[in-house]
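Structures are listed in the sections that come next.
The two complexes that follow have subunit A in common; it is paired with subunit B in the first and with subunit C in the second.
Up next, the complex of A and B:
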C-alpha cells in the first residue's frame, strides 16, 4: 500500500501507519527526532509569522497576497511538524506552538531578525528557502516514513516559494541604486546567520545512523553552498560564508529583542486564555 | 457508476457514493471525490475508515471536509473514522475529468494536466484557459491567490479576471 519505492533505506516504522506509534522508536532516536522536528517546526512557524507582518503593507498589492499566502503555507507546514512532534512527546500541537517561553524555541537565529524593509525580507526569504529546500531534499529519503511522507508534499508546495523569491532576488539585484544597495546590505547582515539553519542537532549522529537524516547538517551546509552560491556570483552579490554551521545557532532567542516582540504577538491569545478556539 | 470490484462490496460502494455529496467548502461545486482528496475507503467488519489527502499541507478546508465526511457517513457503520493521510502527496493530477468540468462551471480554470513533473522543479506552466470565454489570450497576474490552491489570471479577450486551481 506504499507509494512508489522512493526510500531504499531502513524503515523505522512499518509503512502506511497514518497515526504512528511512538513506542516503536528506540528512546534515544525518539529524542533526537523530536529535536529535528522542533527545529523544523519552529523555523516554519517563525518565518510564517514574520511573513504575515507584510499583510496589508507590502510594496505591491500582489505581494500582500503573496506574503499572506506564503505565511499560511509556512504556518501550515509548522502545524504538520508540531502535530508529529506532539505524538512523539505526548503533547498537543497548540501547547508546543504557543505554550513556551522565548528561550525554549529552537528556530535558526537567521529568523530572529525583524522584518525590516522589503529587500531585507526578500534576502532572508531567499537564504531560508534555499537552505530549507536542501534540508527537505535530504529528508525526502528519510527512513522515518511519516516524516518522508509529509516532506514529499511540502516540497511540491515550496517550489512556488522558490520561484517567487528567485524572481525578486534577481529583480532587486538588477536595479542599480537603492534596491540593489539595500539587498547587498541585507545579505551582508544575514548571510553569516543563514548557516544557523544547519546548526548541528543534539544526537544528530543517531539520526544519521538510523537513516532519519540521510546527511549531517554540516554536509547539508556544504551542499547548500554548492547549489545556490552560483546565483549570488552570477548577480555579483556578496558570497555565502565558508564557515561551519555554529554550535549554538538555534539557542539564545530570549536575548533577541525582535523575536521577543514577535513571540509576544503570536502568543497573545494563548496567554489570554489557554486552549481557546475561535 | 460502480466498478465491478466495488459492486461486490456494497458498504464500500455506498460510502463512495455518499462521499460524492460532500463538497469542498471553498469551491462548493466540486465533491471531495472529484477533487481527488479521498485516498481510500477501508471497510473492516463494522468499521469504516476514510483517509483524506490535503490539497495543501496548510489547507484550512481539510478540517471542514473531515467533519463533513464524518457527518455524512454517520450511521453507515458502528464506527466511522476520518483521517488525514500523507501516504501519497495529493497532486492536481488527482482531480477527475468531472471535477475539472465542475471547476470550469464555477469560474475556475482547472490546473494544467499531463505535464511531466518530477516533484522538484516546477515545469513551465502553460497559460490558463479562460473559464468564461475559452480564450488562451490570458496572463498570470499572481501565482498566489485568495486561497493556497488558487492563482490569479486575467483574460485579455473578455477582460475578466479569473482564478486557476494551481498545479501542485
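Up next, the complex of A and C:
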C-alpha cells in the first residue's frame, strides 16, 4: 500500500466485539464463518446506506430522525460484523467495508433495489428486518460464543426496528388508495428477492455441523415464511412465493445499476484518499 | 422466474433524486409533550415535544429524539390536548403584596444557634451523669 501509514479509526468507548483467538476454530470452519459474517455485514451495511438516503426527506421531520437513526444502527451492526471478520481474516474493518469492488459484496439481492418511495423502503425494511430477526434468533444459540455474544446485543436493538417497521406496514396497508397501492406494488417487486437473505452459504454444512449455525438457511427460510405469512394474511396482502432460497442470491452485484450507484456513493471518500480516517 | 418476467422497480436507480416522503392529504398530526428521567431516582423533567399522527408513533419519535444516545431511562409521552393549562394571572400572579406568605420575615440564625447549644448541653449533661 502506498501513501501515509494507516491510523486506527476512532476507538469505541466499549468494544462491541469480544477478544477471541481465531485459532480456536479449524481452518475450514473459519472460512465458512467468514462467509457468514461477510453476508451479514454487507446486508447491514447496504441497507444502512440505502435508508440513510431518507435523511431530510421522510414523510415528517420526526420520521426523518427516526429512520436515519435506524439506518445508523445498521451501520453500527455492520461495523461489529466487519470487525469480527477482520480478526478472522487478518484484515481491517475499513478495508472490508470500503476497499472492495461491487462484484465482491455478498449482501442479499433484496438489497440491490434502490430506496424508491416511502412504501417501497418500508416494505423492503420489513422483509429484511423480519428475515434478519429469524437469522439472529438462530445465531443466538451459536456454539461459537463470541458470535452469540454480539448477536445478543444486536437483537436488543433490532427489537425496536421491528416495532417501528411493523407500525408503518400496518398503517400503509390500512389506508386504501395510494398508500396501500404503493405498498402492494413494492411487495410485488420485492417478494421474489426476499428469500435471498437465506441464500445457502459456501460451506454452510460445516457451520451447522460445528454448531456455529444452529439451523440451515433453508430451515430459517421456512420459519421466516411461516412468521411473516401470518401478518400478510391478517392484512390481506399477497402471500410470498413458495420458492426455496436461490443459489446465487448473494452474487452478481456488479450487474445491478442501483447498487453500483450506491457503491460509488459510499466509497467516494475512501477512493479519494487511500487510508483516510476521521 | 426469468429476468423478463420479474417485475421491475417502479423507478430507475438514481439515489436521492427519487421521491420524497409526504403525509397524505387526510393525515392529521398532534403535538405530544415528552418528559424524561435521566437516571433512576431523578425527577421527570420536560424534555420537549414531538409531532406525530398518534401516540404509538409519538412514543417511537420520543425514543429517537430524547434517548437515541442513551440519555434517558424513562420517558413519559402526553398528548398536549390532555394537559390542563393554568396561566390565569389572577390565580398565579395576584396583584396585592404577598411578602407575608414568604418565610423571609423570620430570622432563624440566632434561634438555630440557641437550639444547637441546647442540644449540645443536653448531650454533655447525659455524658457526665
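In the analysis below, the second predicted complex is superposed on the first by the 260 of 278 C-alpha atoms of A that agree within 3 Å, B and C clash if a C-alpha of one lies under 4 Å from a C-alpha of the other, contacts with A are read in each partner's own complex, and residues count from 1 in each chain.
Keep in mind that, in the parts below, contacts are C-beta pairs under 8 Å (C-beta built on N, C-alpha and C of every residue); 3 or more make two chains touch, one makes a residue touch a chain.
As the structure is a computational prediction, the values presented were derived from the model and not from experiment.
A.B. asks: Determine, for the superposed arrangement built on subunit A, whether subunit B and subunit C clash or fit.
C.D. replies: Result for subunit B and subunit C: clash.
A.B. asks: Between subunit B (first) and subunit C (second), which, if any, makes contact with A:66: first, second, both or neither?
C.D. replies: Touch status of A:66: both partners.
A.B. asks: Contacts for A:149 in the overlay, against subunit B (first) and subunit C (second): which applies, first, second, both or neither?
C.D. replies: After superposition on chain A, A:149 lies in contact with subunit B alone.
A.B. asks: Would you check which partner chain A:188 touches, where first means subunit B only, second means subunit C only, and both and neither mean what they say?
C.D. replies: After superposing on A, A:188 lies in contact with subunit C but is clear of subunit B.
A.B. asks: For A:58, select first, second, both or neither according to whether it touches subunit B, subunit C, the two together, or no partner.
C.D. replies: A:58 sits against subunit C, while subunit B stays out of touch.
A.B. asks: Kindly classify A:164 by the partners it touches after superposition: subunit B alone (first), subunit C alone (second), both, or neither?
C.D. replies: both
A.B. asks: Looking at the overlay, what does A:75 touch: subunit B (first), subunit C (second), both, or neither?
C.D. replies: first
A.B. asks: Is A:118 touching anything from subunit B or subunit C once the two structures are fitted on A? First, second, both or neither.
C.D. replies: second
A.B. asks: Would you sort A:248 into first (subunit B), second (subunit C), both or neither based on which partner it touches?
C.D. replies: neither
A.B. asks: Now for A:27: first (subunit B), second (subunit C), both, or neither, which partner does it touch?
C.D. replies: Touch partners of A:27: none, neither subunit B nor subunit C.
A.B. asks: With chain A superposed, which of the segments 3-11, 21-29, 39-47 or 93-101 in subunit C collides sterically with subunit B?
C.D. replies: 39-47
A.B. asks: Quick check on my understanding: which residues of subunit A belong to both its subunit B contact set and its subunit C contact set?
C.D. replies: 62, 65-66, 69, 160, 163-164
A.B. asks: Quick one: which bits of subunit A touch subunit B in the complex? Just the residue numbers, please.
C.D. replies: For this pair, the touching residues of subunit A are 1-3, 16, 18-19, 62, 65-66, 68-70, 72-77, 79-80, 146, 149-150, 152-157, 159-160, 163-164.
A.B. asks: Going by the contact rule set out above, which residues of subunit A touch subunit C in the complex?
C.D. replies: 53-54, 57-63, 65-66, 69, 113-118, 120, 160, 163-164, 167, 175, 177-179, 185-186, 188-189, 192, 241, 256-258, 261-262, 265
A.B. asks: Once bound in the complex, which stretches of subunit C touch subunit A?
C.D. replies: 1, 6-16, 18-24, 29, 50-52, 56-57, 60-61, 63-65, 68
A.B. asks: Which of the residues in subunit B end up touching subunit A in this complex?
C.D. replies: Spelled out, the residues of subunit B in touch with subunit A are 51, 54, 56-59, 83-91, 119-122, 141-146, 148, 152, 166, 168.
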